Every structure is written in structure tokens, then in C-alpha cells.
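Written out below as C-alpha cells is the structure these notes cover.
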């Protein structure tokens, strides 16, 4: 879906240094769309939709308890369950709740008409409803055909947000939903919140005249940002855009902390493995690898690292991990976790060496890290043991335990902590307010990064969760350091 | 169920020092039966039985693919799925697989006719089928009406083991199953493997003549051991019994390592909470508490401890945990975990202080640690948010998140690592072999502990999993230490 | 010195299980005396006595600033410096300071005339002066000819305690000091505090009539306890004695926590080595080994373990350490640490495999763990690089870095935390009070262990340091558990 | 000394963002010179020079065993001891030893005449002698009047390097040494290696004609780099210079790993404190703070953090540290460690709240973090307890334990791991080779950063120490990532 149909595939080889600069971009929400499809069953563990029939929501007119009908979702009856999930997510998204309260009588988004296209989950629901509380009128579609939590979509609709999304949309459904979202008769969007660039693309192609009213775009995915920069270069970007993906808070927190929490969760839910004493090799010691290694070591695993970059390798060494080639440790390890952002890191030559029962999973940035093609051969038998768990069986009976078919483990087999998502969502909300309320002329038709000051504000909104109290800079200290008492504390080029 | 019907309730106040000596007894498998009921939905996450109808298995004759009919389970069609779960469990139960291989041509249990009554799970299935490989004929019933994994029971039956068990038995079903298990026409048990003492009790009451043929009992639960000692004191124990519960390997590994692994898993599966920076109070710093604290700290939580015992409190301090009264920290913590083995540790006075969203769960030895009665009052509203997750809502809107209604979190909401269960299961198997093959007169009509040497053997069988290589004691060293080169290395009173 | 002269050497091979039961006995203060000699230079790093001349203190009459002369030490002028060391130690020995305050007007040791023979260090000085504050009159000698901190001895003398001790006593000096200590004209001891048994032995041999007045002995070393049990068996023990060495608090805290702190310190002070990424093998995974492994891993070392005992080996595995034979890892490790209590654990065959620069040290219970004899051969050259640091140089230039000539690293090359010593010292003080004030007949002529209650009291006296607040057992809970609200909380056989 | 005499003081307020960008610059070797004076006694613990008389080395002609006299040091007799220290340092500086071997017959520095001015320690001696092995002729002076290890200087001289340095130089001595170093009759420098910029400054002022022959400057301190940029801006820099201080390897490894290792060491050597359970507040959570917090937590301390920057504060939270204001925790903590790079972080208002025995030390970038002026008042009594340890005594008897008078703890009271210094020293050596051997025109009269490729080479030279094996990038992967197979792997703006 997506790029393949309307855009040429992203040429990673053009990015050169780009990749390295963005190893930390491999966050869960900013995935190339082809990867996000892996999340098919991921949310199902909690939010099971098994009772749903196969008919298309487009065929069945539905209505909320208050009689609203401007939406299209799977099953409005799930609204109550979805509302409970949203309530749970709210507990871990304190900054958005503070923004709501902070608004008080003031409505910074009064008059804003936001069309959005993101994953539809409990966490994004908290974001969407926060925008509404701040005065915006929102219409929303899903940025991925598989990731929608139907119950949450129902709760949003029941709560009054026109939502057009369900899990398992066809491609036609996908664009239909976006179009319905954009094209209300009584309403014209003046702000875009996008995740992947499809919404922006659709408006550009089909409703370019809308851009006259649009004050700006907030985009948070690698793919979407890449598209925006391309448009900008080509002179086709006709409104300002804010790049949320490369904000400091997102970069500093998303990968390390999120993966540290979810690697254990994903492995437990799929395999019930005991970590204590197990030998694990983690391929790649960037931020994702660092998070995985820290968590696995903390639970008593013996962790090995593979690296191509000497600086990361030296960090791994000094952090207490043996650095080896995969071929050297493949024979002895109980688990292999890939976190490189590279392709074909685990190849048949390694797989042939692994021992019976070895677990294989991917926490990295694409599903290409494990060379699955080499496992789809006649002599190897695949057996689906549990959802997301395949045994690939060698002729001699050896079983390799493959999780999520090599797609992202934490998207497919665990949940992602709402708190980490809260940081990105808050940044999105603030970026939207900034673009919407900025005086004319502050932003041109270009792609902007958030100023450090706003990054620091996002961080500060998350401190009350931890009952953390910042120290204040005294006048004397501010003078000594040559900074303002109220920040920013980081230089502009800090990332 | 159980004690309440036929036995007077266990008088804990008689045990006095017993409890303390046995803080480590609070393992998952040796729970008083009233607690084990909490496991109703626990295994469901993996092994969902939702398609099953409501009819009683007793009414529907079933037959395996090979035409066997001497069993009674829910649905033989689930055998294939159950077999996959058993295969997964085998990967983590290496010692039993070694025992199977070690047997070779030899069948140490040839002629043994074992009647068993334990939880019916993938792990016990590995144990039961190991006994069969070693030569035993087995018949099995469930020791708990809620804990049976129906698919595993089906796989056992399909594999040829007469099993009488299903999830959701009535009390009548429970005893009917045990009776069918004992009373085969063509077969008389000569060994008992029990978990909780109900099977032993039933034979004693209903088929006392069977004891003439029975060579011994292997019992592994606190409750069952308590009953055996009572019988022994009363002079009513007419065969030897081995107390597996108090073996060193079980005591040293079950609680610490098992809880360290499962506290995180149980919290994640129910609440998707992020651990980093969360404030947690762990009530009790025995082995269970030590495991919970270590895991939570390792994932970045700020952990407080409460203790009544100064020695454990001092250990907590020196391990880096603040020791406070619950009333002192109740206001600030995000989670409360009880691990004391005591009752009413968390009381309404504490609950009233907790903040909105505080999560409350129990890893300790009984469901009495949280005073639930004080929460079942008119002014508090309960809302079931997810399976095993209730919000208790105060009049002012404050929500306390109660997990598993205060029953054991790791039994109810997570899985228990097969590897840890392997240690107990191996001990059970070896105890059975010992009792069965011991020369006449070695064991009297009494309750025995395993000799250290056998404990050390169980441990050594688990070392290959870790590719661990023991050093050998030289002759010179053995002489210096005054021990045998081959152990035992611990004194007899070591626990 | 010592045993060799008047006693047959301790036959360890007679102890059989004894050793294993007492792996935790290998604490710093209860060392066989032949080991303690290793502490020659240990305290020197802080408390340098370089200005002292070579003359014997016995020849030079000295006098305190107040004119007292009933003492014999090296140099009274060092009193001020020694007092500062005592003040520093007091900060970390809170329980003794609480005892002093607790006394208030009351003097539980009023009338006690205590003759003592222990190491003379800042920590024992705090103990001795605590006894004085509690009403006792004390006279003190050193239990080791090398370990006396001369400045501390000076401070004690200046403070009014008759002390007879200096670093570097001859054997004749040693017994002369003890004799002067015992044999005051105006004073007869009625209590003995001993560490190693030499004082008890001397009185037994030379002044047996004194035992008529003596109410009891407090002994805290393995060696001294061994002697007392031998005397008791032989019917020659004529007063009650309390075995402090085997008290729970000493056993539970001394080895684990003390070694965890001092292994890093000892290695840093001698070698300035960086721990991050270094490969270390720790021989033995008892309490000492567990402490060393935890500390080294925490600082980023890659730690391997060797073990002979399968149970300890399995613990090491599940704690995340690879278990190997020394011969398997000798080639690759940067450091070897012995903690077994065994002999010849590191042998020439291992030493020959080690790589250039490998550091070798002993944290275990005797200096026999490394086979030094095999290193004292013609082809190997020894070079003293720093105090306590030798390079043993192979013919090909390979250097093995041997610390403290294989004696205890933490006694020889680091300091031991005063706080841990405080636990033992408090136990000694309480044991002395108990024996002194016990009603006639409570104690016979036997060796006693402390009751759990007193162990728990010692622990509780150390909690205020950590601002730790114990929870109280409610009446309902006490009844449920069948214990007293005020403890003891551990069963009597708990260790 | 230094800046104060010939340069205006560095105006930190001009640096603005500079400071923040360079929080990681606060390494031990790149300190403003006024701080380095704190190292007076630091090396003395190991390398005691107590036997030296007070006469000036300038007055006493000395001669090596081979008759050389072109040097001026304290005492040539210490050469043997100094050589041993150099040998110990070599063991931990593997990359330089590899460079020596790598040279083989080739001498990349043949013809180089290097005049150097750095600290004279065992580690810099390894660097200097490496340059010699690579073909250079070196003459060396000390960049600090207090930090010279006299025995090492003796060993260098004995080894043939003209060295002019001793501990305790007067200011006049300082410049005399530099001048003697520069001004050999038979020799003209063509390369400068500087640390602090004094040497460069002196040549510029006194021997400007020498710059005609000089091919470049290698500078590694913050101060020296600042001076070079000022010279460059003013158009007075007449040769190329390489800024070693801001190389990735130095920035990524120096602060985090170095401080993690040395905070524990510094505290132990001065106070013998037990870490387990102690409450510590670490002010500042930059790289230095992160290292200190990690180490203290790992040893069982309860760690609090203070921060002014919300992003660092949020990291501290998610890493498991409570973030508080100093005033909030001052009353309860046992230790205060400053790591902010700011001034007056600990003020009298905080000091007044601290409890008796609280330990106070500085790991940050200047001695200004603790407001010492507020402690130099009449009512407070200072007592020197040990070297580098003062008790500041309040009128009520409360004692605050101040270490190193607030100067850098790890420079003053512990050693710095040679391995970490090795990374910087290797970078210096490679920078020197690059500047010396670069073709004419590659470098202009400007200040250069090392290319990433060379940073990665430095890292790779340190991997063999850990027996670490890098993975290789395949052709397919290189194409996928758009990078060269051999790196660099980091983008140019990576820091």
C-alpha cells in the first residue's frame, strides 16, 4: 500500500548519512507503511474484535446514541469498551491532560478545523480529544489499514468526532475514508495533522484549492517528513510544516526507553521464556540496541552485541557486553534480536548454525533485518505454534522460533507504553497550536523543526508524573552560564 | 472448595514459626486451594477456550483418534493445539528431557502405576509424559477446578494418558474425576503424586485398601505437606511420603527467580504501564519481595519497601531501597505490590490515601493481603476495565486499579516460566523414582525430605541449559575440605 | 604466630561439613591469625606511621597529657590524629552511638571489668569506648601483631583506656601485652572479650584463678569459636561463652555487603584498573562470590564464575553469569578473583594460560586459594611494582599481576566499611551486657548463640542510619501469623 | 597562574551556548588551569615523593645513568620507580602500544621535532615515548605546576627524553621550563603538542620566528582550544591546529565512563564510606552526572538528582531517579555530589540544612560549584581530618565533610583509568601524525576537528583490549545504507 501505488519507493541509498543520523528515527509510529502492516494482530490481544462480521462498514449506516451519523467505523456498540481503553491511556498521558486543564476558559484552537490522518488507537484518541477540548473541530482517518483499534474508533465517534476508519480497510476504503474526512460539505480544514504524508498527498492531488485556507501541516513520520522535504525542494510545498519527528524529546525518549520496556514484554507474551541466564545476541548497539541490551541484562540474560561501527562497539564493550560477530555466537545463543536498521543481518548461514529452540525477533527499523527469503525454502517446514509465533523446522528436527515473521516485535507482539507516546503526542499538539496561532509571516512555506524551548516545554509537562521538581537558575548563575534563566538550556544544534 | 468441605480450615495460628520458615513456600504451585481459584482466566490469554459450549464433559463420550475412550476432558479436537503448547514447554524443561534420554533402554518406573492429581498444564504434561517414558502407567486428575488447560488435557488424552479434568469443574465433577482416576477396573495404583492432598485424602477415605499396594506419596504443596504431617502425627500415615516442597532447589529458585520474571509480565499484560520512573512500594522483603524489587528497580522504577522484620528491613536498606511504612508512602506511589504472606497489609486507611490511578496487586501467598472487604462498600463504585482489571472509583472520581481482585498476580495475569517449574517437576520425578525403587525398609511410614545429594543432582540436570561447566574437586581439595569429591557440598541443615 | 606455638594447627579436614556451613564465616575479622598478618601495610594508606623510630615501646615510659601511664603504645603524640579517625568511624557506627545515648543515667556495665584482645582499629576503639560509656572499666591488647593502628591506640590511651599494643610487636611483645592487660594490680577482670582465643588461652594457662571472678566470654572469630567448642567438649570451659560469629546479623551482612563494597576498592587502590568491559572470573559463588560478582557486573565487567556445587552454579547461571571451568576461561580473562574457601584453586596450569597483564587476587577465606608455591620457581621473576603489587614475569615476558601475595585483598589493600563492622561490634557489646547482667543460672559453662530476638534488635539499631521506618504488626496480623507483635520474626533455626 | 598573568580571564558569559554544548568537555585533562592545581596531592597516594628535599632542581645539575644532562627534574634516582608506573600504564593503553608495533620499520614521525607541554604522568609518558618510537624527537615541559609525577619525569629523562618539569614549580620555574624546552641550541621544533595553550602562547610571544618551521599544533584542552579560536578569529594563528578536545571519542567516553569509575574510588579513598543504602543527591544529570548516578545506584545508594534542564530531568526520572530541588533533600542526604558546570549550586542555605556527617564533593567542571566563601566564616570551624578531607563544624557540633576543598574529586582524590586516557592520547598521536604528514595545502591556518573516520579508527584500536570483533558490512548492506563498507558510519555532524 501507499508509496508503492502513488510514489516511487523511497530510495534509501540516496539518504546516505541520513540513515545514521536517524537511527533514532525508527520509532514505532514513524514507520514506513509497509512495516506498519505488521501490526495486524498486535492490538488484538487487548482489544479483540473477533465478534465482528465481515461486512464493510461503508455499507452499513450507523448512528451514535446521540443520533450523529457523520462517521464510518466498524461497530458503534464497542464505544463503551473503547472509552475504557481511552481512560486507561489518559492515566499515562499526563501532559495532554495538563494542556486540557491549562486551557481553562481559553481555547487556543478555537476556530481550528483540523483534518487528521494517524493511527487510531487509545493514545491518538487522547490527542484528538485534547485538540477538541482546546477548541478545534476535528475529522480523522486512519493512516494504516491494519492498525485501527475499532473500539477506540467507536468511542471517538460516540464522543462526537467524525472518524472514518476500521481495521482491515481495503486500499479503496483507505482513500475513501481520507476523502470523506477531508470533504465535509459544511467544513473546510485549516490545519493538517499527518502521519506518513498520505493525507497531505491526497489534498495536494485532489483538493489543492483547500491549501488556500490551510495554515500549516504537522507531520511526525520519517516517511512523511521525507515527502515534505521533497515537496519543499521541488517548490511544491505551499504551506509551512513542522517536523515533529526530529524534535529532541521524540528522539531522546522514543527509542531507548520504549524499546527497553517492550523487548521484555514482546518476548514474554509470545514465548513465556525465562530471561535469567539465557544467552542473547543483540545485533546493533544504537539507541534501540542499547535499550534492549539494558533490559535483557537487567533481567539476568547474558547479552552479546554485534556491531559494524567501532564507536558503538566500544560503547558496548565498556557497558559490559561482549562484542562478537553473529557467526561466532550463533551456535550458542538462545535468542537473537535485531536492531540495526540494516538488511539481511541474520542470514541463512547464521540460521543454519543456531541451536534448537533459538528465538529470533526484530526490534529494528524494518522487516528486512532477517533474511526471510532464505527460510522460505522447500526443505524447511513452517509450523504456526501460536499467533505471531512460527517454528521453522529443519530437516533434522531443529526448530527456530520466529516471532512476528520478522516484523517489529514491539508493534506486533507487545504494547507500547502510553507515556512514551505522550511525549510525541504533546509535541504534535503544541506544534499545531504554534502553527495555528503564529502571527502571519513567522513561518514560510518550508519545513521547520521545533525550537529547543518548545522541546523543553514538552519535557517539563511530563515531569509532574514523576513528582519531579526542577531547580531554578539564579540570576548569578544565568549570568555565569550566559543563558536565560528560563532556558533554552540546550544549544540549537543539540539533538 | 476443598478444605472447607471436608477438612477444618488450616489454622495458621498453629503454625507459628512455621510461616516464617516458609516465606519461601509461597510459590505458585503450592498455594492453598482457595487461592488457586484465582487462576480462572489466567491461562486463557494463551489457551483460549472461548469456542467451547457449556455442556458437561461427563455427558459426552469422546474418543481419541486411536479409539481410546478411558478419559474425560472438554474437547479432544484441541489436542493438536495442546501438543504445540507441550512442545513449547519442553524447550524450557531440559532436565526432564535429559531424564527421558538417560533412561535409554532402562525403565526405572517399569511396573509403576501412578495416580496423579496436579494442575493440568503444559508443564505438568511434560512431567506426566516423562513418567510414562520412564516406564510408568499414569492416570491423572486436576487438583484445581479452574486451572486446567483444556487443550493440554486433550493432548495428554490423545497421547494415551487417561486424564479426567477440565476447566470449570463443579465440586461434584472434581471428586468424580479423582474417583475415576483411582478406580480403574484393570489397574491399581502403586504410587501417588499429589498436589494439595485431595487425592491422598480421597483414597484414604474411600479406597483405604489401595494403600496396601502403594509404595509411597510424592507431595509438593504447603497444604498437602501440612496434611501429611498431621496424618503422621496422628499415626494415620500408612506409607512413606516425600516432601518436595521443602527441597532446597524448590526453595532457592521458585520464589526469587520466578517472581522476578513474572512481576513485570503480570503488570504489563494487565496495564501496559511504563515502569521507568514509576514509584512503587513493595510490601515485604522476603524472597518474593526481593525478586519483585530487583526486577522493578532494574527497569527503572523507584522502589520503596515496607517490612516488619528488622533483619529483612536492613537488607532492603543496604540493597538500596527506602524502607517506609505504607501510610507514609501511600500518597505518592504509582503501584503497590504485596508480598508479605500476611493479611490486611493494605487497608482502607491506606487505600484512601492513594492517588488517582494507583495500581494495586498481590504477589504474596494469599488473597488476604489486600483488605478487599473494605473496598466492597456502597460509596465505592467498581468498574471492570479489562479482564482481571477493576477500577475502584471513589466518590471524588479517584480510581484505584485493582488487579486480579487481589489474588496472585503471576498466577492470574502472567505465565510462570516453564524453566522454574522444571526444577520442581524434576524433583517430583526423582522423588517418585526413589520411593518406587528404594529397597524395602529404607523408608518408613513417615514424611521425608530429599537428601542434599538429590537436590544437587536436580540442579546439575539444569546446568546444560546454560552451557554451564562445573569445576571438579581435586583429591587434595576434597581432603582439605573434608568432603567427598562428588558432594553433597551443602550440610544437611542447609536450606 | 599463635596457634603454631601453643596449639596444634587447626585440622580443617576434621571440620568436614563445618566449612560449608560456614562459607559465610570467612569475614575479615574472624580470620585465622596466620592470615591476618597480611594486613601489615593495609591501614598504612590512610594512617601512615612512617615517622616512627625503631625502638620498642616497652623501653620508653610514656605518659598521657593527663599524666596517666598505665598503657604501652608506640607514640602518644599521635593521639590527636587517632582521635580524628575514631570520630570518622563513629559516623558510620550509629548503633553503638545509640547504645551510648540509650544508657542515659543507667550504666548496664557498671562494675564490669573487661579485659579485651581484638584488633586495635578506629572501629574497635568505638566499641571499647562504648563499653566505657556504659560503665565498664576496660583494659585492652591487640589480637594481631600487625594490625594495630598506632594512632588509634594512642587516642585510646589518651582517652583513659589502658592499651597495650603497637604495630609490629614481636611474639614476646604480644604475650607481654596480654599479660600486662590481664594482670593489673588494682583490678581483676570479670568479663573477657576475645577475638581469636589467645587471651582466653593465656588466662587459662597462666592465671586460671581469675576465672572464678569471670562471668563470661564473648568471642567472635572462627578460630576462637573452634577453640571454645574444643574446650567445652573437653570439659575445660569453666565459664559461659557467647558465639558472636554465628549470629544472623553477622552472617547475613558481613560477607555479601562487605565484599561487594571492598572488591572494587581493593582493585582500584592497587591497580587503578578500569572495570568497564574487563573480563573477570570469580572462583566460587557463595556469599563472598555473590558480592564480588554483583559489584563487578554493576561497574560493567564481564563476569564468569567457577563452581563445584551445582546449586550455587545454577544460581550463578540464573543471575546472568556464565559458569565455566577456570581452565576454559583462564586464557581470556583480565582478572581472577578467588572466593572459594578452598585450596589450590588457581594452579600453575591455569597461571601458565593467563594472558599478559592478568590480575590475580584473593577475596576468600585463606591465603591458600592461589598455589603460590608453583610461582616461586627459578624461571619466574618477581618484581615488586607497588606496595602489595607484584609482577610475576614469565620467561617470554608475560606478566601476571599478583595482589597482596594471595592474601585477602580487602584486608590488605582496601578498607572495610565501618558500618558493616558496626553490626558485629554492636552484637559483641550486647552479648557482653547479656552475659554480665544475666541472672545467675541463665548460662552454664557452655557456648551459646544469640537468640534471634537480639539479632533483630541489632538490626533495628542500624535502621535509623537509613531513616528506615519499620511497619508494626497489628494484633490481628500477629494472631494470623501466630507470632508476637514484637518478634522474633525468624524461626530459631534461621541462619 | 596562567591566564591570570598574561591573558584576560576567560569570559564564560561570552560563551553562551558554548557551555552547554560542552558539558561533556569537563574532562579531567582539559581543565582550566586554576582547577588543575587541586591535583597537588592526588598522585601522591601511589607515588609518594616524601623523601625529596626542598631545593630547586634548577640549582642541581643531574645526569642520567648514560650521562645525559639535557633535562631538569627533581630526582633522577626515582627513575626506576617511575618506569614501573609507566609499565603499569602501558597495560591499559593498548592502542598506543599497537601504534608502536604498527610502525614496524616505518617511522611516520621520522624527522618530527615535537615540543610538548602537558601533564607529566605515567599516561602521558606512554604517549611521549610512543611518539619517540614512531620517529619523533621530543622535548617536554609540564602544563601544570602541581601535577607532575616526579618519578615518571625521572623515568622519561633516564629514557632519553629531555624533560623539564617537577611538582611544585614556581611560576618563574614554569616559564623557565617551557623556555628550556623550546630553545635547544641544536634543535628546532616543527610540531607542537599543547594542553592549555601556554606553550603555544610562549612561542608566539617569545620565539615567533619558530612558527616558520612548525607544521601544526595539536591541542586538547577547553582552554587551549578557546585560545586557538580567539587567535584564529584575530587572524593571529599562523599554523594549522587540530582540536582534539571535541573529537567524538573523547566526548563520548571521557566523561561518562571516567566519572562512573572514579566517583566511587574518590569517595572510598577519602572517607571509606559504605555506599549501600546511603542517600546521595547528584546535582546535574549531564554526562558526568549520569556516570556518577549509575555507579552510585549500582553499589546500592539511593540517588536523588537536581536539574535545571527539563530534558535532562525527564531522563533522570525515566532512569529511575527522583528529581528534587537541593533544598528539598538537603536535610536527608548522606552525600552531595555536584556535576553541573555551574557556580554556587550548593549554597550556605543548603549547607545549613545538611545533617551531621554529610559528605560534600565536586565532580563537575570547576571548583565554583560549592560556595566555599559562605563556609569561610567566623562561626564555622574547619578541621583537617585527613589529606583532602576537612570537617567544617557548625556551632552546634554538626560536621560537614568537605572533600578536596570543593575541587574536582577524581583529580584530587582518585586516579583516572589509564584506559580512558588512552583514547585521548591515541587521538593526540594520530592528530600529530596527520598534521605532520599531510600534503602541503591540506590544512590552512585554521582550527580543525578530526574527521569521523579517524575517530572511528581510534575506537577500533581500543577494541582488541576487549577481544571485540566487529562485524563487516556486506556490499549489499553498504548499498542499502548508502555508505562505504569501511565507514565512516556516523554523519559528520554527529557528536
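Couple of notes before you dig in:
We just call them A, B, C and D in the order they show up, numbering each chain from 1.
To be clear about the criterion, a contact is a pair of C-beta atoms (placed from the backbone, for glycine too) under 8 Å apart; a residue touches a chain by one contact, two chains touch by 3 or more.
Just so we're clear, the structure is a prediction, and the values are computed from it rather than from any experiment.
Put simply, the chain farthest from chain D by mean CA position is B. Set side by side, C-D and A-C show the greater C-beta contact count at C-D. Centres computed as Cα averages put chain C at a distance of 39 Å from chain D. Measuring from the averaged C-alpha position of chain A to that of chain C gives a distance of 57 Å.
Under the contact definition stated at the top, the residues of chain B that touch 2 or more other chains are 257, 276-277, 300, 317-318, 322, 465-467. Those residues of chain A that touch chain B in the complex are listed here as 45-46, 84, 87-88, 91-92, 257, 260-261, 264-265, 268-269, 271-277, 279, 295, 298-300, 332, 356-357, 383, 385-386, 399, 414-415, 417-420, 465-467. By the touch rule above, chain C contacts chain B in their complex via residues 12-21, 248-249, 252-253, 257, 306-318, 322-326, 328, 341-345, 368, 455-457, 459-460, 462-463, 465-474, 476-477, 479-483, 487, 489-494.
Chain contact summary for the complex, chain B toward chain D: residues 276-277, 297, 300-302, 317-322.
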